[in-house]
Structure formats: structure tokens, C-alpha cells
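Take a look at these structures.
The following pair of complexes shares a single chain, subunit A, combined with subunit B in the former and subunit C in the latter.
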Partner chain A sequence: MIFTPIDIASSAVLLFLFLAMFTFLLSRRQRLMIDICFSLAAAASLLGFIAGAWTVAGGVTEKIVLLFGLPDLPFHLRLDPLSGFFLTVIGLLSFFVSVYSIGYVRGFLGKRSVTSLVVFYCLFIAGMFMVVMADDALIFLISWEIMAAASYFLVLFEHERIENRRAAFLYMVVAHVGAIAILLSFGILAGLATGFKDFSGYTFDAMRATQFPVGGATAAFLLAFFGFAAKAGIVPLHVWLPEAHPVAPSNVSALMSGVMLKTAIYGIIRVTFDLIKVFPWWWGALALALGLISAVMGVLYALMQHDLKRLLAYHSVENIGIILIGIGLAMIFTSFKLPLLAALALIAGLYHTMNHAMFKGLLFMGAGAVLHATNERNMEEMGGLIHRMPWTAALFLVGCVSISALPPFNGFVSEWLTFQAFLLSPGLPNPLLKLLIPLGAALLALTGALAAACFVKAFGVTFLGHWRGHHNPSVHEANWPMRFGMIMAALTCLLLGILPAMFIGWMDTLSAQLVGSKIGASSGAYGWMWLTPVAPERASYSGMIVFWGIMAVVVSTFLLLHVRPGKIHRAPVWDCGFEKINPRMQYNATSFAMPIRRIFGFLFSIRERVRAGSNPGHAAFPVRLNYSLRIRDRFWGWLYQPIVVSSFWIARHLGRLQQGRIQVYLIYSFITIIVLLVFL
Partner chain B sequence: MKLYPFVIEILQILVLLAIAPVFAGWVKMLKCWSQGRSSPGLFQPYRDIRKLFSKDVVLAENASWIFRFTPYLVFGVALLAGCIIPILSTDLPLAATADVIVLVSLFAIARFFTALAGMDIGTAFGGMGSSREMTIASLAEPAMLMAIFTMSLAGGTTSLSQMTQVILSGQSVFRPSMAFAFLAFLLVAIAETGRIPVDNPATHLELTMIHEAMILEYSGRYLALVEWAGMMKLFLFFTLGIAAFFPWGIAASGDLYAVFSAFFFMGLKLGIEAVFLVLIETGLAKMRLFRLTEFLGSAFLLATLGMLSYFILE
Partner chain C sequence: MQIAAQIIGFLAALVLLTAFGMLVQRRMTALIHLFAWQGLFLSISTAVVGFMAGQRHLYISSLLTLSLKVILLPYILHVLVRRLRIHREIETVVNVPLTMLIGVALVIFSYHLTAPVRELSTLVTRSVLPIALATVLIGLLMMITRRHAVTQIIGFLAMENGLFFAATSATYGMPLVVELGVALDVLIAAFIFGIFFFHIHTSFDSLNVEQMARLKEGD
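What follows is the complex of A and B.
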């Protein structure tokens, strides 16, 4: 065959790099640049998607060795089902977002130059493609850094605002602390692969061929897990995420939340299931516990937000947690040699990876459309947008229903599969795990229900009711490229929800590669309409019938009731006969979350103050009330504030070395040379 | 005489549509008697629904399509759930559409849209109802899942028809885990269907209503659909409890005689269950909203105890 998947994927990467290099030629014609570059980016993403989908479907593994690299250490690229799957996810969402960007980035025309946005956008996607294709530690880390640096500049795009600069700095620090840990982890693995003799252990192939000693493997795993957790935003390393994602342009937020976090999930799976292969159960228990904490804390923090994009960013913490739950369960099952259950849990986690990319991309695109139209991120000032942005509202609603894990959309399928994996945990031989793991299922149920509450709030406050703001801007509907991007993402959400058995059948090669078992045949045992993950008698679900069943009843009831013409009178709101109602009396984001804030308040540091202005006539009737509420992440105070304070302290004291006099610096060099001569 | 499975499916829908209002009327009647009032009769819900259907709709000025779509969706979800839960027979062609977890999520989607409809008009009451409803639901969900988990342990299945068949197939020894799971399910069902002590379906007092606050602005056929779906939800939660814990008497095949006797047994069990519901509703006062954490927390605890007792005793 002339073309193989890896050729297609490489040409996609080359096209992105080409775009990044030559975009500046069009910088005088900004409008043309947006149209051409984002169309080509969409085409390149589609190539990546095709290559990935083909690899997974065929179950092929291909490698190429590049002719360049460091001296004697050439770069290796490889496409196997695991990288193919992530390539599919990244390619598909990048395709939707690139189409969306054609319309979205137009909003910056006349305000600022978008050349840097286009350049780093292309570099960013190229970096993500290369991360999943890398087959040695060097090119993996180089791609990882390209991805991190490009996204740093994207976060910094509107750099005149101080919060953007702070968020970008925080992001850079956390990303680099993580990268150091990953580097050290690969160092350990590469060293153990050759017994610390030469450098040939840097390829993933060499690591795969090695049986690692337990101690070394554990150290490497913990370092890698820490590094990838920092990128994925797992609690307590999540603090950069709600700062950086909201301030980036919305198309970039969609990519960062939707797929960049997934490269960290890819890293965790690659290191544990593929490179190390044999591990004790407590690694899985660690992943499971951190996943549960991230899921619950993420959704609770999200509920407290009133900035739409920040709320979505906290939901990424939650969803990464849910993905990690699936992977943690798969690790536990693998370590107890239960490959079928491991395959189920792994597929559940990976399915959620795909789903989260789609609905979170959709939601961020929708939030971008709202931001584009209203110049407002604060939900407390919004309301009633469904009347002026009907398309955006309907598409955003699809995202809300999907992320709240409601049938028949896609979020439900993966959560249901995760529940099924939990329900199979009584098969474990370890009594402690047998008793504790079901409690995790309850936490997952809590997460799902809280997410539903959060999205009733997000959609209800933003799109329903009346406009709450003081001034009334001229809100306009999103333009057509933006709508197309969102429509495609919404359709994918629905298709993944009603055709899960086909999708799981496609993923069979993936679980065969990683845990040596397949669930595709048993999942489709009843045919493509039904999903029966283990056995039809155990549990079954048909999103197709749920969707068409509800639709059929809705349509037939509607028609039956309209046989006889009934009148609909439009009238002012009744509201129990209260007449002086105004938009400020509506429930808003803060009041909606009040019961939950009160119940789970012990997890936050909350300062709530109500001050009544005094009325000299009647103390019982104050003139005005002043309400202020401040909610902070406890982890910031516990974990980060001490680090910040101590690093400032060290910097201050080290700063004394800098005297600003040339003689002093000469003495320093002299002393250094003496010390080196004495000790070496 | 054998009935085709899809005929049973249609019979189930008819039973659901017809009996749910009678059941709601029966509960109301018992409640009136136990509180020393005279009752409006068993068929009052029918009369209410008919009256509402024949009325014109008054719609708030800024109601969007969500507000108008929600009643149809809620009704559709209830009907679909009626096709899945074994009410008369376990031999249902659509039973494989959903296991218990999916069923709970089906009710969740109805709740999601009802809460959105509550916020659509932009009144304080609607938002208040939505906020409280979603809070209660998120506390009820973990308890519900633990109850399902415990129920699924005995038969190794979450499919409702399979669970029913496992119980029917003879191992009818008393299981402590099932007793705990039943108590947990009972508490959750009270919360989910909005009965006292969680919510009062009869109240329109501003500060205490939850479900009623969300549907306050509905009228005409929309209100009829919402009310009817509410009665079906109450009925379905009771039949769900029957199918999962006391399925004896249900038809295991399409035999006409068995289906008739199943109908009879269903009526008997529902009648008795209603008495217990009314005892709870009359004996207890409505709880403060923030006491509900204890109420639903104890449901969670009971379900967890059920699971532990399964691992330890069985």
C-alpha cells in the first residue's frame, strides 16, 4: 500500500508546522489569513483523525525512525492503537474547533493582530499530535514542551490584562514542575533498561523489553504520575487550570480542556500499561482515590463559580477525575489478573475521554459564542439569551445534557460503563478493596447528580429568564462557521450516545493491546442497538430506543393534543399574583448554589458577610443591605501559599549575593574555580 | 392463551395510564380518611386531568421552547419507564432497554428539564424550586446507587426483569441485605417522588414548596401532562419497589391467565403500600430543607449496611 496511517499522520503534522512557519506572509491580510489558515488547520486535523481511526480499526502498529535528532540518538515515531485512539480524539475535536475558529477569530479583527494566535494554534495541535506519536523519551519531551510553550503563548494572547499574565505564569510553573518529574521518570526507566550503561535505553521499545525491578518501577511511576497529574489538573495539582483556561481565547480553551488534558491521560496509560506493564494493585488504588477526589472536588468547586468559563474549567477537573476512576479500576483489575474486567474499566475510561473531548469542546465553543456576543463572562449579569441566540442555546443545551450524564447522550454511556465496572468489583480477591470500592461508586453517583445541578444552574442562569445586567448590549447570534463547528460536535455527542456498541467494537484492538482482552463481542451480543458490556443478563442499555422512544411519545402526544385547536394566550407572569417582579429578583448563580454551599461548605474556605445600612427610624427596616461572598480553594492556602512564601523568602536571601560590583562577582568566579580544582 | 410480548407491552402502558390516577386518588382518599376529612373520591384525578385538558393555555410572555417542550418530555419519560419496569410480566421486549441505573437516569432527565422550565420564566419561585430540587436529587443519588448495588449483589445483575426472576426462582429466604436495601429505597423513593417529609405535594405555601414551585406557571394541557406524569412517577416508583423486592404474583410468561392474576396482585400490593405511605405522611411533619442531609444520609447508611451485611453474612 502506498499510504499508511503513519504517513497520513506525519503529513498532518508537517502541514501544521508549515502553517506555523509561513503564516506571517499573510499578516498584512488578516481576514484572508484567518480563512486560509484555519481551513487548512481543519484539513490537517481531519487527516490526523483519519490516520488515528484507521489505526485503531485495523489494529496495526507502524514505526518510523526519523533521519534527524541528536547525534547518534535518532527520533522514533510510532502509531499503535493507543496512540491512534488519542490521535482520533485530538484530530476530531481540532477539526470542529478549527471550523469554529474561522468564525470566532474574526471577532478580534480590527482590535488586535491575530498572527500570533494562528501560529501558536497550529504549533499547539502539531505538538499534541507529536506527543501521542512519539516513541522515544526525547521526542516525547520535546513535543511535550512544544505543546506547553505554544499553549502558554495562547493563554497570554490578550496579554494586556494582568489576570492573563498571572494565569500564564502559574500555568508555566506547574507545567514545568510536571515536565521535570516526567523527565526524571523517563531517566529512571531508560537507565534501568540498559542497567545505566549507555544511552540506548531512551527508546520506548527498549523500555518495553525490560522487566523493571519493583523499586525502580515504583519510583518511575510515582514521578510520571505526578508529572502527568500536574498537566491533567488532578486535585491537588489543579489550581492552574481554572486560572488559565478561562482567560485563553475560547477556541483555545476548548482545545486545552478538551484534548490537551487528555495527553496527560495518554501519558499515564502509556507508562503504566505499555512501558512498565506489571504493577501492584495499590498503584491503581492511588489513581482511583485521586480520581474520586478530583471528581467530587471539581464539581463542587464548579458549583460555586459564577464565571461561565471558570465553571467549565472546574468541570474539566471533575471529568479528568472520572476518566482516572476508569483507569484506576482497570489497573486494579489488571494487577489481580482479571483481564475482562480490566478491559471493561479501561474502555469506560477511554470512552469518557472521547466523550469529554466532545462535550467540553462544545460547551467551551458555546461559552465563546456567548462571550463573543455579550462581552460578558459573569453569569450574574446574563439571562434570557435563548431568545436572542436560539442556535447557541440549543447546542449548549446538548452539551449540558451530555456532561450531566443523562441518557440518551454520550456522557451517560461512559458513566454507566464505569458503574458497571464498579459493580463487578465484588469479584476481587482482596476483601478490603471489595468493601471500599463500592463507596467509590456512590461518590461517582454524587458527582453525576451534582454535575446535573451545576448545569441546570449554568444553562438556566445564562440562557433562561430575563437579562440581569444593568445595560443591555446588542446581543447577536453566532455566525455560521461557529455554528457549524458546534453542530458537528453536538451531533457527535448524540451519535456516541446512541451507537455505543459500534464505537466499543471499534475500540477492541485498544483493550487487546493494553490488557489482553476484548469486550466488543459481548457488548454487541444483542446487535448494534444494544449495549451489553459483560453479558446480556447482567446489564443492558439501548440509547437508541431511549432516544427514539421518548421522541415518539413526545411527537405523538403533541399531535394528539393539537387535533382540537386550543388557544395559547401570552400573558404577564403570574408568580402567585405578585406584580412588581423585576429581573433582579430572579435566582442567580450564587443563590442557586446556596443550599449546596451550605451542605458542603466545610470543604471550602467561605467568607460571607451581610451588612445592613442603619435606618435611624426603624432598626428592623434597614435602608440597604450589603452582601459579600468570597469562596476560596482550600488547597491554595494549604499547599501553594507556603511554597510561594518560602520561594520568595529564598529569593530574597539569595538576592543578597548580587552586590552589583564587578569585584564581588570576580571573587565569586575565583572561589568557584578553587572549589572545583580542590574537589575534582 | 398466550399473548405476544408486544401485546403485554401495550397492556402495561394502558395500565400505567389508567391506574396511575386511580392510585393517586386512592392515596389522597386514605389520607383524607386518616386525617378525619371527607375525600373527593377515587376518580377525582381523572376529573382534574380532563378539566385541564379542555382549558386554554396561558403562557408567560417570555416562556421559551424549553418551557413548552418539558411537559411532553416528562410525559414521554414516564411512559417509556412504564415499558421497562415489569408491572404485569417480566417477559417484556423493551426490558433490555434499560437496567435500574438507566431507569434512575431517565427520571433524572425529566427532573433536569423540569428544573430548567422552573428557571425559564424568571420568577424567584421557579428558581427556588429548581435549586432545591437539584440539591435534594444530588443527595438522594448516592443512596439510590448504593441501594441498587446491594440489590444487584444477590442476583449479579442490574437488570430489573432479571432481578425479579432471581427472586422468583425460589431462593426466597429472607436476606438481611435486601431488608436494608428496601429501607434505603423507601427513603429515597419518598424524596424522589416529593412526598412528606421531604416535600409536600399538596402545598402551595411559598416557602415550603419544591416541586410545585417549579411548575407554578403551567396551565391548561401543559399542567395536565405534568400532573399526569407526576402520578405516573409515583405509581412507577411503587411498582419498581414491588418488582425489586416483592415480585411474587407477577407473570413470568405471556399467559393470559397469569397476566390477569398479576394485575390483581399488583392492585393488592399497591393498595397495601399506599396505606404505609399514608401512615408516614400523616405521622410525620415536613422537614426543614437542611435536615434532609440527615434523612438522605441515613438512607445511604442503610444501603451501605446492606452491602456490608451481604459480604459478612451471605
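What follows is the complex of A and C.
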């Protein structure tokens, strides 16, 4: 064969780098630049998708050693089913988003130059492709930094607003603290691989060939987990996420939330299942516990938001939590030598990775379309958009149903698989885990219900009712490239929801590689229509039948209502005789979330104030009421504020060393020399 | 051979003596003269080491030292001092007897430190190593105790002399390429310092480095 998957993937990366380098040539003709560059980016993403899908389907592993790199330490690339899977996810969503961007980025024309957006967009995707293909610690970290730096500049795209600069700075700090932890972790692994003798341990192959001692492996795992958790936005390292995602351009938010967070999941899987391989069960328990906390906290915080994109960002925290639950369970099952269950849990986690990329990409694209049309991020100022933007509304609804884990869309399948993994955990030989893990299933169920409530709120307040804003902007429907991007993502959500058995069959090579077991055969035992993850008598689900059932109900209802004309009347809203009703009296996002705010209030720091303006007539008839509500993340006060305060304190005290007098600095060097001479 | 070793020892003593001289000398012109003397002793000792060890390239370094550290740099410094009308050094930070005592302590410290090296080495010049180290440390001490920018530069150049001395005595000199590079660096550094001093002098109206503490941003 002439071409192999790794050739295709490398050429995709090269195409992106080429685009990043030569985009500036077109910077005089911005419109042409958008059309050409994003079309080529879509093509390159598609190449990545093809390479990834092919690798997973074939179950092949390919390596190349690049001719360049550091002296004596060349770079290695490798494409195995795990990389292939993540390449598929990244390529597919990048393809949709690139198509969407052709339309979306036009919105900036005439306002600002988009050259930097295009350049860093291409670098960003190239960085993500390279991260999953890297096969040694050096190129992994280099790609990781390219990805982080490019996304930093993308967050900073509209840099004149102070909140954007703040968010970008916070993102940079967290990303770098994480990167340092990852660097140290690879340092430990590489050192242990050669017994701290030379540098040849930097390749992943050398690490794979090593049996790590428990202590060193644990240190490496904890560091890597911390670093990747910072990137993935796992509670309590999630604070950058709700700041950075809302302020980035929406196509970038879709990529950051949809796939960039997934590279961290890739890193966790790569380090634990592939490099370290043998680990104690408590690693999995740690991942599981943090996953559960992230899922519940993420969705609760999301419920409190009324900024549409910030709400979606908190949902990313939730979904990363759900993915991590699957991975954590897989780790627990692996350490107890239960490969079949591990395969199920891992597939559940990875399936959710794919699904989250698709529906979160779709939702951010929808939010971008709304933002594009209304210039408004605050849901409280929106409403009734379904009449003006029917396409966007319908596609956003698909995303909402998917993320709320309702059949027949894809979110349901992966969460259902996660539940199956949970329900099989009584097979574990450890009584403590046997007791505690089913509690996790209850928390996951709570998360699902709260997510559904949250998206009822998001969709209802944004698209239904009447427009709430003060002035009524000229709202228009999204243009065709944007619609195409969203339609393709929505169709993928549907296909992943109704054909899960085929998808799981495709992923078989992946679980075989990582945990040494397959569930493809048993899942598809009843044919492609039925999903039977472990055994048909235990649990089965058919997305196809649910889909046709729902379609049948919808169609018959529609026919019943419309078959006789005159059955539907349009009339003014009944105002209870008040007569002065206006759109601002509608049920809004804050009121929708109030019951949940009351129940879970102890988790937030809430300041709620009602102030009545005094009435000269009588106190019982106030003229105006002022209601203010401020909800803050508790973790900021608990974890980050002390760090900020103490680093300022340390900086102030260390500042005294800087006297500004040359003699003092000379004395420092003098003392240093003497001390070094004496002790070395 | 024995005589050569004695000559080198004698020259080393002279280098150390000039280092002490520079440590306490207040007058600018005399200080520059002392620096030139130190360079001369260094140059002669390098030539002697080269003769003794049969290393041809040490003659070249010797000539380089002679032209650079005995003639060119003192000349530049003289021009600087005359142009800026500096003749007397302002008060030192630490008084003279205490500076001398610290200098003596540094020499003892260097002897103590290099004792194991002297036992292992088989070179004729091994006894010079502690003196070279002491010269480096005394140069640094001079930079610390003086307030005038020009004396700090002389201290810096004296340190460089000490390093050069250490290199010739410990290993019969560095490769010629390295030495040429170092010589060039020193020359360029002297030029840059000279230019900077003119600017500092015009903007601060003084070359007292304590004035530069004003550059620090306030709390």
C-alpha cells in the first residue's frame, strides 16, 4: 500500500503548519483568507479523521522516527488505536468547526483583523494532532505547549476587554503549572526507565518496556494526573475553564471544550494504561472520586449561570467528570484483573469522550450563532429566538437532548454504558469498593437529572417565550456554512445514538490494546440494532427502535393536530387580568434555578439581596424593588485566594533582597562563591 | 627547572602584593599603575611558564596580556580618569585595616581550599594555584568595598587577571582560541564600561554607584 494512516495524519499536520505559516500572505484580503484557510483546515481535519478511523479499524500500530529533534534525541511519532481514536475525535470535530468557521468568522470582518485568529486556529489543531501522535516525552511536551500557547492567543483574540486578558492570564498560569507537573512526571518515568543513567529513557517505548517500582510509579502518576487534571478542568482545578471558554471566539470555544480537554484524558489513559500498566486500585478510586465530584459540582455550578457560554463551560467540567468516572472504573477493574469489565468501563468513558466532543461542539456552535446574531451572552436578555432562528433552535435542541442523556441521542448511550459498568462493580473482590461504588451510580444519576434541568433552562429561556432585552436587535438566522457545521454535528450525535453497536465494534482494537479484552462481539450479539454490552439477558438497548418510536409519536401527534384545520388558535397570553404584562415578567433563568439554589446553597457562596425603595405613601406599597444576586465559586476562596495572597506576600518579602545597590548584589555573589567553594 | 619554579613563585608573590596594593590604594592614578604592574608580572610569569613547559602558544598569550593589560587598558582608564576629572576615590565602605584583614583571611582560605589539589598535581606551577584563587577573591572583595564605578571596573579586571593566572598555573593555559576570545571580551567590556561611564556621569553627575540605587522603583 502506498499510503499508510500515519502518512495521512502527518500530512494533515504539515498542511496545518503550512497554513499557519503562509496565511499572512492573504492578510490584505480577509474575506478570501477566511474562505481559503478554513476550507483547507476542514480538509486537513478530514485527513486526520480518516487516518484515525483507519488506524482504529485496522488495529495497526505504526511508528516513524523524525529526522530532526534535539541533538542525539530524535523525535518519535506513533499511531496506535488509542492515538487513532483521539485523532478521530479531534479530526471530526475540527472538520465540523472549520466548516462552521467559514461562516462564523465573517462576523468579525470590518471589525478587526482575523489573521491572528486563523493562524493560531491552525496551530492549535496541529498541536492537538501532534499531542496524540507523539511517542516520546519531548515532542509530547512541545506539542502540548504549542497547543496551550495557541489557545492562549485565541482566548486573547478580543484583547481590548479586561475580562479577556484576565481569563487568558489565568488560563496560562493553570496550563503552565500543569505542564510543569507533566514534565516532572515524564522526568521520573524516563529516569526510572534507564535507572537515571542516560537520556535514552525519554521515548515512550523505553517507558513501556520498564517495570516501574510502586513508589516511583505512584509519584509519576500523581504528578501526571495533577497536570492533566489542570488541563481537563477537573474540580478543583476547573477555575480557568468558565473564565476562558466564554471569552474566546465561539468556534474556538467549541474546539477547546470539545477536544482540547480530551487531550488531557488521552494523557491520563496513555500514562496509566500504556506506560505504567500495573497500578494499585486506589489510583482508579482517586480518579473515580474526582470524576464524581467534578460531575456533580460542574452541573450545579452550571445551573447557577445565566451566561450561555459560561453555562456550557461548566457543563464541560461535568462531562469531563463523567468521562473520568469511566476511566476510573476501568482502572479499578484492571487492577483487580477483570479485563472484561475494564473494557466495558473504558469503552463507556471513551464513548462519552466522542459524544461530548460532538454535542458540546454543537452546543458551542449554537451559542456562537446566537451570539453572532444578538451580540448578547446573557440569557436573561434573550428569549423567543426560536421564531427568528428556527434552524439554530432545532440544532441547539438536539445538542441539549444529547447532553441531557436522553434517548435516542448519543449522550444516553454512553451514560447508560457507564451505569452498566457501575452496576457490575459488585463483582469486585474488595468489600469497601463494593459498598461505595454503587453510591457513585446514584450521584451519576443525580448529575444526569440536574443536567436535564439545566438544559431545560438554557433552551427555554433562550429560545422560547418573548425577547427580554431592552432594545430589540435585528436578529438573523445563522448563515449556511454555520448551519452546515451544526447539521453535521447533530447528525453525528444521532448516528452515535442509534448505531452504538457498530461504533463499539469499531473500538474493539482499542480495548484490546489497553486492557486486553473486547466487548464488541457481545455488544453486537443481537445484530447492529441492539446494544447488549455484557450479555443480552442482562441489559439491552436499541437506539433505533427508540428513535422510530419517538418519530412515530411525533408524527402522529402532528397529524392529529393538523389534519383538521381550525384546531389550533393563536391568541394573546392570558395575563390574569393584570393588563400591564411585559416580556421582563417572564419566568427567567434565575427564577428557574432558584429551587436548586435553595437546596444546594451550602455549596456556593451566595449573596442575595432584596432592597425595597421607600414609598412616601405607605411602606406596604414600595415603588421599586432591587434584587441582586451574586454567586461565587467556593473553590476560589478556599484554594486559590490563599495561594494568590501568599505568593504576593512572598514576593513582597523577597523584594527586600533587591536593594538596588551594586555592592549588595556583589556580596550575594561573593557569599555564593565562598559557600560553593567550601561545600563542593 | 628549580630556578624557573622559584621565579614563578616570586612573580606570583608580586601579583598577590599588587592585588593587596590595589585593595587599599585610594588614588586613582596609582591604582591604574598598580593594575598595569600586575599585568606585567602576569605576562612575564606566563612567558616563563611557556618556556619551562615548552608550550609555544603561551608566548602569544603573554604578548596578548602585555599589550592588552599593561598598555591598552591602563591607557583607556587613564583617559577616562582625565576626561572625567576623577583623582581621589571617595570613602570606602569598609575601613582599610578591616579590608586588609579580610584579604588575608581570603588568602588563607584559598590555601586551605587548594591543599588537596596541590597534593595531587604534578605540575611545577602547582604552588601558584592558591595565589591565583586569592587574586580572584580579592578582586571581588575590591568590587564590594569600593563605591566608585571606575574602581569597580579595575576590580573586575583584576579578577580576570586572577582567572588567567589560575588557568596558566593549573593547566599550562587554556587553548589559544579560548584565550583570544577572553581577551577580546575583556577589551570590549572595557570599551562598553567607558561609554557607560560617560553617560552615567552626565546623568547622575557622579560615578558613585550608590547613586544608582535611585534607579530602583520605590515600594
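Following the convention adopted for this analysis, the second predicted complex is superposed on the first by the 636 of 680 C-alpha atoms of A that agree within 3 Å, B and C clash if a C-alpha of one lies under 4 Å from a C-alpha of the other, contacts with A are read in each partner's own complex, and residues count from 1 in each chain.
Methods note: a contact is a pair of C-beta atoms (placed from the backbone, for glycine too) under 8 Å apart; a residue touches a chain by one contact, two chains touch by 3 or more.
Just so you know, these numbers come straight off a predicted model, no measurement behind them.
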Contacts for A:383 in the overlay, against subunit B (first) and subunit C (second): which applies, first, second, both or neither? first
Taking the superposition as given, does A:448 touch the first partner, subunit B, the second, subunit C, both, or neither? first
Have a look at where A:660 lands relative to subunit B and subunit C in the superposition and call it first, second, both or neither. second
Could you say whether A:673 touches subunit B, subunit C, both of them, or neither, answering first, second, both or neither? second
With both complexes superposed on chain A, which partner does A:626 reach: first (subunit B), second (subunit C), both or neither? neither
Of the partners subunit B and subunit C, which touch A:647 in the superposed model: first, second, both, neither? neither
For subunit A, what residues appear in both contact lists, the one with subunit B and the one with subunit C? none
Quick one: in the complex, what on subunit A touches subunit C? 655, 658-663, 666-667, 669-670, 673-674, 677-678
Residues on subunit A engaged by subunit B in the complex (per definition of touch): 383-384, 386-387, 393, 397, 401, 404-407, 412, 416, 419-420, 422-423, 426, 431, 434-435, 438-439, 441-446, 448-450, 452-453, 455-457, 459-461, 464-466, 526, 530, 532, 536-542, 545-546, 549-554, 557-558, 561, 566-576, 581, 583, 585-587, 591-596, 598-599
Please name which positions on subunit C make contact with subunit A in the complex. 93, 109, 113, 137, 140-141, 143-145, 147, 152, 209-210, 212-216, 219
Enumerate the contact residues on subunit B facing subunit A in the complex. 53, 56-62, 64-66, 69, 72-73, 75-77, 79-80, 83, 94, 96-99, 101-102, 105-106, 108-109, 111-112, 115-116, 118-128, 130-132, 134-135, 137-146, 149, 152-153, 156-159, 162, 204, 206, 216-217, 220-221, 225, 289-290, 293, 300, 304, 307-308, 311
